[in-house]
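After this come two complexes, each holding chain A, first together with chain B and then together with chain C.
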Partner chain A sequence: MSDAVVSAEPMLEVSGLTVDFLTDDGLLHAVDHVTFGIARGETVGIVGESGSGKSVMSMAIMGLLPKSARVTGSVKFRGQELLGASERDLQRIRGSEIAMVFQDALASLNPVHTVGAQVAEAVAIHQELKGSELRNAAIALLDVVGIANPSARFEQYPHEFSGGMRQRAMIAMAIANDPAVLIADEPTTALDVTIQAQVLEVLERIQQRTSTSIMLITHDLGVVAGVADSVMVMYAGSQVERGSVEEIFYESRHPYTKGLLASLPRMDRRVDKSDRLHQIEGQPPSLVFLPTGCAFHPRCPFAETPGACDGEVPALQVVGDGHYSACHFPDRIGSDEGMKS
Partner chain B sequence: MSGETPDHRSLVDSPPGSAGPSGLIGSELVPSASHAFDTAAHASPVARSQWALFRRRFLRHKMALVSLGVLAFLFIVCFGANLVAPYSNTEQDLLLGPVGPRMSHWFGTDELGRDQLSRLLYAGRISLKIGIAVALISTVFGTAIGAIAAYFGKATDQTLMRLTDLFLVVPAIAILAIALERFGSGDTTIILVLAGLFWMYVARIVRGEVLGIKEKEFIEAARASGASSTRVIVRHIVPNIFGPIMVNATLGVALAIVAESTLSYLGFGVEPPQTSWGNMLSQASGYVGTDRAYLIYAPGFAILITVLAVNFLGDGLRDAFDPHTDRHQ
Partner chain C sequence: MPSMLTYISRRLLFSIPVILVASFLLFWMVRSTFDPCVKMRASKDVEAVTRCETRLHLDDPIPTQYLGWASDAAHGDLGESSRTNEEVSAMVPRALWYTVQLIFWGVLISAFAAVALGVYSALKQYSVLDYTFTGASFVGLAMPPFWFGLMAIELLAIMPKQWLGLDEPLFYFVGLHSGAEKGFGADYARHLVLPVMTLTVQIIASWSRFQRSSMLDVMSADYVRTARAKGVPRRDVVVHHALRNALVPLVTVMALDIGALFGGLIITETIFSIPGMGQLFVRSLQAGDAEVLVVWTVVTAGFIVVFNLLADVLYGLMDPRVRVT
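This part shows the complex of A and B:
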């Protein structure tokens, strides 16, 4: 969505956000000192494999984590601190200023209410609309997200909608109050590719209309490449690299990002001689027992062990204009056999 | 989904919502481009309000309809007893004494020569009132306690559920005796005391159900859209556990009517000359196996029919509230 108006005004500023859960095995670091910002009209892609803390981070921003979670750091929306804000304030912000689109639209819609009633409710929570006014507002929203024959659709239940339509309905609910920030947590994962494209198009159109900032959580690099302005890559709860979409895709300075990109199937290149896709060796670490030093070092082909990699947690360092990498040796990971070809 | 569609063309055209060949791909997704959806628009189902859907699903439930009729009939004849009843409920005919069913006394008379049918109708006022009121109060209260306990968890849960346990273990009869002694055995006292003894079962069932529902994603989604806890509980959780609540409420009606009979039997129920079905039943209980057993049948069947009707009605309501039943037509 790089053609959207991106201004420098920061909508959401996250700094040092850390989320710990106390488990029987010890402290689980779900999110570890994550820092980033989203400008007005910007789309930030948050990429990482399952369990890398993407969703927990979004729930922490919304203040929706259970009380057993220990959240520290700072989340500022338009300069207002959200961590530790009263539930009352948070309720006012949720849905009206920061809204969320969930991955599984069927599970996220209440099965006993019609879709229309739920979209109308999303409006009614934050706006004083009643009766036919409210109904018309909800129908207009269904129309905006491209649901055909919205007034008939209004009366139907979620189970009568197809997957793509449900996700559109979820988006309609999320944009009901023209939120400044839209957190989309894997909005297209459960959909097939054509529907994915349509849903992303809907998001893009909404962004162009209202300059909404979008935080797009996904593990689909293709989606990110298509719509994001900047990208943040997460691994084991920490951010490992952050930068513009071009920098991340063509000049990545982190071995994990490199590995992810190399594992993508590509139309324009034959897979190597063994006819297998590239894979990152090993498995993601347990969040309770993180490896010493860099969490990625046991799987990293560039790691120097013993040495800095297993000795010290790498700090996020500047490797380019607005490009950060949490690697001890970002210069070794050049743009050579990367993704350009 | 297309089971909803009255228009058969939908099977040929793109079914609504499938986002199939209705021109979405590649076409501009702006609302003004509605011509792109024309095909889908024609095939879409007719708009129906939520209430209309509810009514249709309820009307499909034949036994519930019959039960609604039976209950309506019972209410009309009982609460209109002064108009319908052939005799007064207290009028005695000592010379006639106890006689079996006959044309002048359809259900016979008791030992004081009182017309059983008339007494049954007047008694129905009390029994129906107690049954419905107790079920209603205990269901609403129990649901509130159970839902709040489960939703907020932690200390709230502990406090409320231990309170529930406390109510479960206190000896019901003793409480009843004390309460009725202190406040008199008026209808209101009986209703409140019985409701006070019934709500715990509802609370426990509701708590269990809510514990399951509150982990669902749509609850998280509702919270993410800024809904308050009250709204989440009332709008999103309770409607989803309407089935079990409804079943319990109908059982509550039956239990309350029967419990009132027990009270009457123990001498704590409504006081003569007021009667309830339970009261009549307990008075007649000594005649089991004698030639006056007909005195048992009238109140016995009245209770049975009411309880059955309420149960079927509850069944129908539960199905009508569940949108998924539409799929099984």
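This part shows the complex of A and C:
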């Protein structure tokens, strides 16, 4: 969302965030030493396939993981450490300073309460509003997110809403208290493309109004290209590349990112029927039994094995201005060489 | 809410044919099994037998007999007990009142206890108390009520009386009042404790297990996560978002179970000599009292139908998604 004011003031600073779950098979590393920051008014796209730790990371930031999760590292909001903060402090921050929009709006809305009541609740928890004032505030929020006839919609239940409307209602709840940070976890995944665009537009409009920082979790690179300022790519719980949208899309220095981009269907490239879409060979690894060295090396066309790739975990290194890659050989990547199999 | 009214009236209409068919089948079965004039026949008074047979149209086919019975019943005449020569229309309501009192207190206590235990167990899953409640509910479910009732009398009424050297036991175990006592005072309460306890053990055990699992389901639902992400305090998340949803299936099960209780307190009523529906059934069955048995089975079936209806209506009231269909 490049029109928004992006300032250098960091709203949210995540450093070395690690989440482990103890399972019957052993320790599961859901998120491994993730570090990034979001500036005021910035939109960061978090990209990765299912199971890459995106959602667990956002739940860790909100402090919503079950007790069985071991969370270490640091999450700072406006300089205040959130990890280990009291439940009381977290309750005050959740919904008012950091709010969240979830993927499946039908399951994420309470079926037995009206949409209006749920939006009003989000307001009432953090603001001293009652009665008709509260009701009007909630109706105004439904209006902001583009729900037509909001005062009638206020009385309806989630099952009476369409998918796109439900997602708008989720957003209305999330922005009820003008949060500084909005975490949107796959907000458009279950929606068709037109509705997707409308929902993203709502997010964009809200950001312009309140300079909210948005953390947009998605596996849809098209969505990221459209709205994000910077991108973080995750693989098997670790961040593999981070940088501005332009750099990630045009100057990628990580083979996984390259592979993802090459897998996108392209309208501008003529293909005959025998031409198949590119795919990254192999399967994502088990988070309990990660490969030695770089987690991506068994699937990497550039990997040197035996050698650095299966011997050593690559550190995130600077490959450009604000551009980081966790690859042992970032210089080899850049051409399309090796991407065609 | 016009949709709710249509919903309720539709359910009401559906239950009328159910009751009619049930009453016909029950009438048929009881008439084919028992002879309502058996007492007259034993007396060898031929005239009385003929009078009885004429009055009940026993020479007619069953459907005709049924129509006669149903028309009398509609006018308030439910026949006469061959055991006590009393009007059935007086006997059944009197017995029903005793059973209703037991059910009322039993269900009230069970509902609160089961919800409290179930919610606690779900929120503190795998804690020591959760395991304790789980174990206790298995014991409660496995224990026969007649054994529990007798043990309760021995341990809570007779033995304390002997140890403490009391003139009267703390809790009585015969009827619901002693002597000339009336009303709902201390005497009533002392009579109620043991039978209600006997009645509730199994109900609490099964409802609390049910509540625990439905609460566990709901606590991991996405909308509970949403509520937490909104900053809703834990107490409100549990009560307003989780419990409100977890009660929907429990209330349905409760309504169905309560409907079945009206005919099902035979053991408790027998142990504690309470002249309720269960006792009336056993006595009438032993005496082959056909007129009472027909009414008893129809009334019991009626309660099951009514509480099924109630379950449907409550479900519709509690879950807005149901009203549409």
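Operating definition for what follows: the second predicted complex is superposed on the first by the 330 of 341 C-alpha atoms of A that agree within 3 Å, B and C clash if a C-alpha of one lies under 4 Å from a C-alpha of the other, contacts with A are read in each partner's own complex, and residues count from 1 in each chain.
In the analysis below, contacts are C-beta pairs under 8 Å (C-beta built on N, C-alpha and C of every residue); 3 or more make two chains touch, one makes a residue touch a chain.
Given the structure is predicted, the values throughout are model-derived calculations rather than measurements.
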Superposed partners chain B and chain C on chain A - clash or fit: clash
Touching partner for A:Met62 - first (chain B), second (chain C), both, neither: both
Partner chain in contact with A:Ser162 - chain B first, chain C second, else both or neither: first
Partner chain(s) touched by A:Leu27 [first = chain B, second = chain C, both, neither]: neither
Touching partner for A:Val144 - first (chain B), second (chain C), both, neither: first
Residues of chain A touched, compared between chain B and chain C (which is higher): B
Footprint overlap on chain A, where chain B in one structure and chain C in the other make contact: 62, 64, 91-96, 99-100, 102, 104, 107-113, 121-122, 125-126, 157, 159, 170, 173
List of chain C residues in touch with chain A within their complex: 221-223, 225-234, 241, 244-245, 248, 318-321, 324
Of all residues in chain B, those that touch chain A in their complex: 1, 4, 16-19, 22, 24-25, 29-31, 34, 37, 40-41, 44-50, 53, 154, 216-218, 220-228, 231, 235-236, 239-240, 242, 321-324, 326-327
Touching residues (chain side chain A, partner chain B) in the complex: 62, 64, 67, 91-96, 99-100, 102, 104, 107-114, 117, 121-122, 125-126, 143-144, 146, 148-149, 151-157, 159-162, 164-165, 170, 173-174, 176, 194-195, 197-198, 201-202, 205
Residues on chain A engaged by chain C in the complex (per definition of touch): 62, 64, 87, 91-96, 99-100, 102, 104, 107-113, 121-122, 125-126, 157, 159, 170, 173
